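Please go over the structures that come below.
Each of the next two complexes has chain A plus one other chain: chain B in the first, chain C in the second.
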Partner chain A sequence: MAEREMLCGKCGCPLEPRRVDFEYLGHVFFADAPRCPKCGEVYLSEELVRGRVAEVEMELENK
Partner chain B sequence: MSGGPLERWVLADTGCKDRAALEAWQMARLRETVVYAREKSRFYAELLRGVDPSCLRARADLPLLPLTTAEQLRARGGDWLCCAASRVGRIVTLKTSGTTAEPKRVFFTESDLERTVDFFTHGMRELIAPGERVGILMPSEQPGSVGDLLARGLARIPAEAVKLGPVTDVAATYRALREAGCGCAVGIPVQVLGLACYGAALPEPERLRLRSVLLSADAAHPALVKRVGALLGCPVFTHFGMTELGYGGAVECAAHRGCHVRENDLLVEVIDPETGAPLPPGQRGELVFTTLRREAMPFLRYRSGDLGVLRTERCGCGSRLARVVPEGGRAARTDERLSLWELDGAIFSCDGAVDFCARAEGEALYLTVFGLEPPDKGALRAALLASGAARGLRVELECRTLRGFSGTGMDKRALTKGGGRET
Partner chain C sequence: MASFKEQLEALCMQNDPPPCAAECPFGLDVRAFVAHLKRGAFAAAYRMYRDATAFPGIVSRVCPHPCEGACVFAQRNGAISLRELERAAAAHTPNPRPNRYNLPKRKERIAVVGAGPSGLACALRLASKKYAVTVYERGARRGGSLRGLLPDEALDAELDMQFMHETVEFRYETEVRDLSELDAEAIYLATGRGGDAFGMTLSGTGACASGREGVFLGGGLVGRDPVAAIADGLTAARAVERYLKTGGRNEPFRDGSTRFHPDPALLPAPAPAVAPGEGGYTPEQAVAEAQRCRECRCDACVTYCDLMRSNQKYPSRLEEEVTTTIEPVSLSRKARLATRLIAACDHCGLCKAVCPAGIDTGAFLLESQRKMQELGAMPWAFHEFWLRDLEFANGEAWLCLSPSETKTPRYLFFPGCRLSGSSPELVERSFDALRTVAPDSAVLLGCCGAGASWAGRTELHEAVLERLRAAWRSLGEPTPVFACMSCRREFARYLPEMASVSLYEVLDEGFPVPKRGAGETVSVFDPCSSRDWPDAQRAVRSLAEKAGWRLEPLRMEGKYARCCGWGGHVALSNPGYASDVTKSRAGEGDAPYLAYCANCRDVFASAGKRAAHILELLFSAPDWERKAPTASESRDNRRALKRRLQERFTPGEVTPMEEPKIRLSIAPELLTKLDRDHLLREDAEAAVLRCEESGRFLRDPETDSRAGHAQVGNATVWVEYRAAGEGFELLNAYAHRMRIVEGHDNG
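Presenting the complex of A and B:
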């Protein structure tokens, strides 16, 4: 089944996959995530948050 | 009560004038914490169902509360949280090295971290004077790291923090401490021992002039403490803490008879590690902690996994704050035949020994001891024999040159089991 297109709730524009930079504890890392080309809002899926983001967070959260 | 800076701070913070008032104050905070945790946290709502906080009047009532464990924290840490995610200022993740077990994640609000900073300010006054320069040999780059919080605490004394991070290159760190003019160093026991051995081999004019040293983050056997003090020529203080407690737990005073607990934030007990039954002061058992004012993640009767003794009589410094004397190492043994604490006592009593790793397999103890030069095998064998620490196992001993300390050094050392490592 093809992935459904995601639309920005504010602008109505289709979200486009983009590199998104995350900053945490003074470090920057990135991941690809759907982003509105108009307002810049990013959609963070549960898979992304519980996967890559959580993984990097925990690596950075040492004592 | 008329002890040192830490006691004065605890009394001022709580408004208590004596021990009896302090204990009543602690029980009042405990009742509040139970109500708070049960209301805010899914985990505690289940755990504390059926507990009537009004029955918690004195320390003898503590067993009315169930004990909590690291395993529960690993399995359900998110459910321990008592505040909105937006109020969390810092999370610390503790992985268990060598296993695939879930990590422990501990959550703090800014207010929780501030209490730690406050403890560090007053606790460090037990060993340094205003104007001192302190080398911090622990992770300190990240905001909210133990070294960062310590630096913030030192600034209020005021004292200057020199953030050097954990030791990876002994010579470089020693030089950095000396060039920075540090009069105090705070570090991990085996790493500080490595620095001390290095310095003792230098000509006198090139040596550090430390006025005090604080050992933290891992157990410091008295044999190690004694060698560090002799090699560095300064008093050695120990600190007992855990991330779960907000890093800071208890710190030694100049009497060196145990670590004074920050009793305005923590309530300490000792239990029989087998049965969970409370033990009286003076008897060795597992140290159990309860936090009294934590916002993000309170800990109620949390089993530390560390053995020790609680002392409640007046200390030589005059303080009536309870003291923990860590003793005996970890309650759970990787191998029932061996005690890391006993091995520490034997190995660290030997000149030249800085660190070691050990595992028991069959009837043999495979032991590798590291030094700035390979330590003397004969002395090590004699120490192991005299102490009985090898428990009759055949000792396969290797001695090697230390090439640096692994990782951040913040993992508590543990005996390896087969190919893995448990803590």
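Presenting the complex of A and C:
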């Protein structure tokens, strides 16, 4: 599935890969994900959530 | 109370030998010996047998084989014939000769007094370790009490062969009169029955030890028969070696006891014993006889508990891993390796039911859950979905209602949240039926607290129990009537002041059952929570038969009922495992399952197994293929049930319906997808609402659809939707557990 071209609903800007911080079970980490360069709104696609995100969650739960 | 570890140390029989090995004078590892024979490895079997007995050619002929009397099949198609198997190992090994070991000579000298079975065994074993051994024998030849038990040629041939690589000085026709004559660091007295003990007796401080340093005694001298004398000689060799190396005289006594006695009822009947020909078993016959052996070990837990079986871990191993997970040996969180394992227990109680020592590994895992929660070390995602359901059941869906005039109803019907969510109409019909038996019955819609208990959330669990207790007291302490056996088990465990009964017992006694079936065959699937309630199990069978169904028993039912896969809410932490358990249960019977737990029925329905609830048989035509409700539908059903009961019995107190804050239409297939991810319709509504209210969303310029996320509980829910009519249409939804740290733009 090709990455969808999303625009920020508030600012109207195209999203750009930028750093996003995450927290789970006391672990804090970051990764690049599509984000509005102005307001910072994030987009995580279903593909990403079911793939890499789920993997990382599983790893942290097993620690 | 003893810790679980102490309980295991005191009671677990995992390492106890089977009765055959316990009875063996040599403590032969019978299971390993037989396992070699099963695969036709005669050389390996023989080597093992020779190491254990020193003189396989003698022992296999003269041993009385107490192992056979102890065999679990002794009274059932015949004991495994170890005598013949031992002979076959010796007969069919490609090379019966002993191994030659090239070890350095040891300088210590050992004197063995007596060349009978015990002295010979001791001498052979020590000589093979290259000690300087001298055997003093009063007579002119070796053999002692073995002479006459087997032909001289056979005896001499075996002795010659076993001693062929060893250097032992035999001094025949040499009578030892005083031990001071012997120039040796250690002495073994094996002068036989009635022989000279030189004033020595067994001191009891260690195997074969006398009261004098360096002097050991055993065999016929201390009353052993010839076979036990050989075993004594081998023990004495160990005792002598320990003494020479450490100066100690404390060689452990052989513990020939076992607490483990296999239950023949749990073992399939063996094939009939294989009869040997004149020359003993042929190799094929020996393999066939070995294959009758079940290699008994105490392994009911790891055989029947899904968690222990799938992880191949005995309770002792679980205990170690769980304990180091709760109290990691390192300061790093990395040591919490068994977190998911702890959450994988379905709390069915089968481990305790099948354990001959009654060890309750499930209780240990539940206690471990509590400790992990206290430490904040259990991932929230392993339980949150069901804890939110508990909140709903005891919040929006809670109802305590007593329709009759009396302030003290006789019965309090507690249908349980799962049945109310799956078949609200059956709850209503059951309540009506109960009221025909006892018109003053009341009803309580709520959750028993199992989810909080399974999650190890002690405080929340206490609060649920307190609320249930208060409701019960406010009605004058009626007898709770349970449709769900899990609720009943939870009440019995945590609210023991309430004497309860199952709905099925009440209906079986007082309700006229319409006959709807025509003798079709079904299997009653006892929920694991019914294990301790045989009266309820009988009542369900009686109701089903009265209703016209023929019952086909399942192998594991009644006391040994197994979990359907739902217990412990394991699907959240271990989805693949829970689904495997359900599939395995569904395959245990060919006939459709008749459940009396709504969870069992629903998980089987979801796995494609034909299943119905017993109440369907009583109150309607059962639909064996009815789909399980989604979690969202379950909530709707419970809301509707509450309203319906209020409308019927307390029309003035009907809770007004809450209007959803947003109109969101969801296609049925999408709702099913949400359900698989443990997402509710209201979670999607909350996310769309958050996007629309905050104006924070993303827009796909091609389709004009929107996407965004919201925190619902601890989860992050993503929605894709578009405007439709006066509201919105959901296009997709998914969720993740990690939280996006908002308002932090490192651009």
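Here, the second predicted complex is superposed on the first by the 57 of 63 C-alpha atoms of A that agree within 3 Å, B and C clash if a C-alpha of one lies under 4 Å from a C-alpha of the other, contacts with A are read in each partner's own complex, and residues count from 1 in each chain.
Here, a contact is a pair of C-beta atoms (placed from the backbone, for glycine too) under 8 Å apart; a residue touches a chain by one contact, two chains touch by 3 or more.
This one's a predicted model, so the numbers in the text were calculated from it and none came from an experiment.
Applying the stated contact rule after C-alpha superposition, one finds that A:Val56 touches chain C and leaves chain B untouched.
Counting the residues of chain A that each partner touches, chain B and chain C differ, and the larger count belongs to C. Shared-chain residue A:Leu25: touches chain B and chain C both.
Annotation: chain A residues 25-26, 57, 60-63 touch chain B in one complex and chain C in the other.
Note for the complex: chain A touches chain C at residues 4-10, 15, 18-26, 28, 30, 35-37, 39-44, 46, 49-50, 53-54, 56-57, 60-63. By the touch criterion given at the top, residues 91-95, 103, 105, 138-139, 141-146, 217, 243, 247, 408, 410 of chain B touch chain A in their complex. On the chain A side of its complex with chain B, the touching residues are 25-26, 57-63.
Here chain C touches chain A in the complex through residues 333-334, 336-337, 339-340, 379, 381-382, 573, 691, 695-702, 706-709, 718, 732, 734-741, 743-747, going by the rule given at the top.
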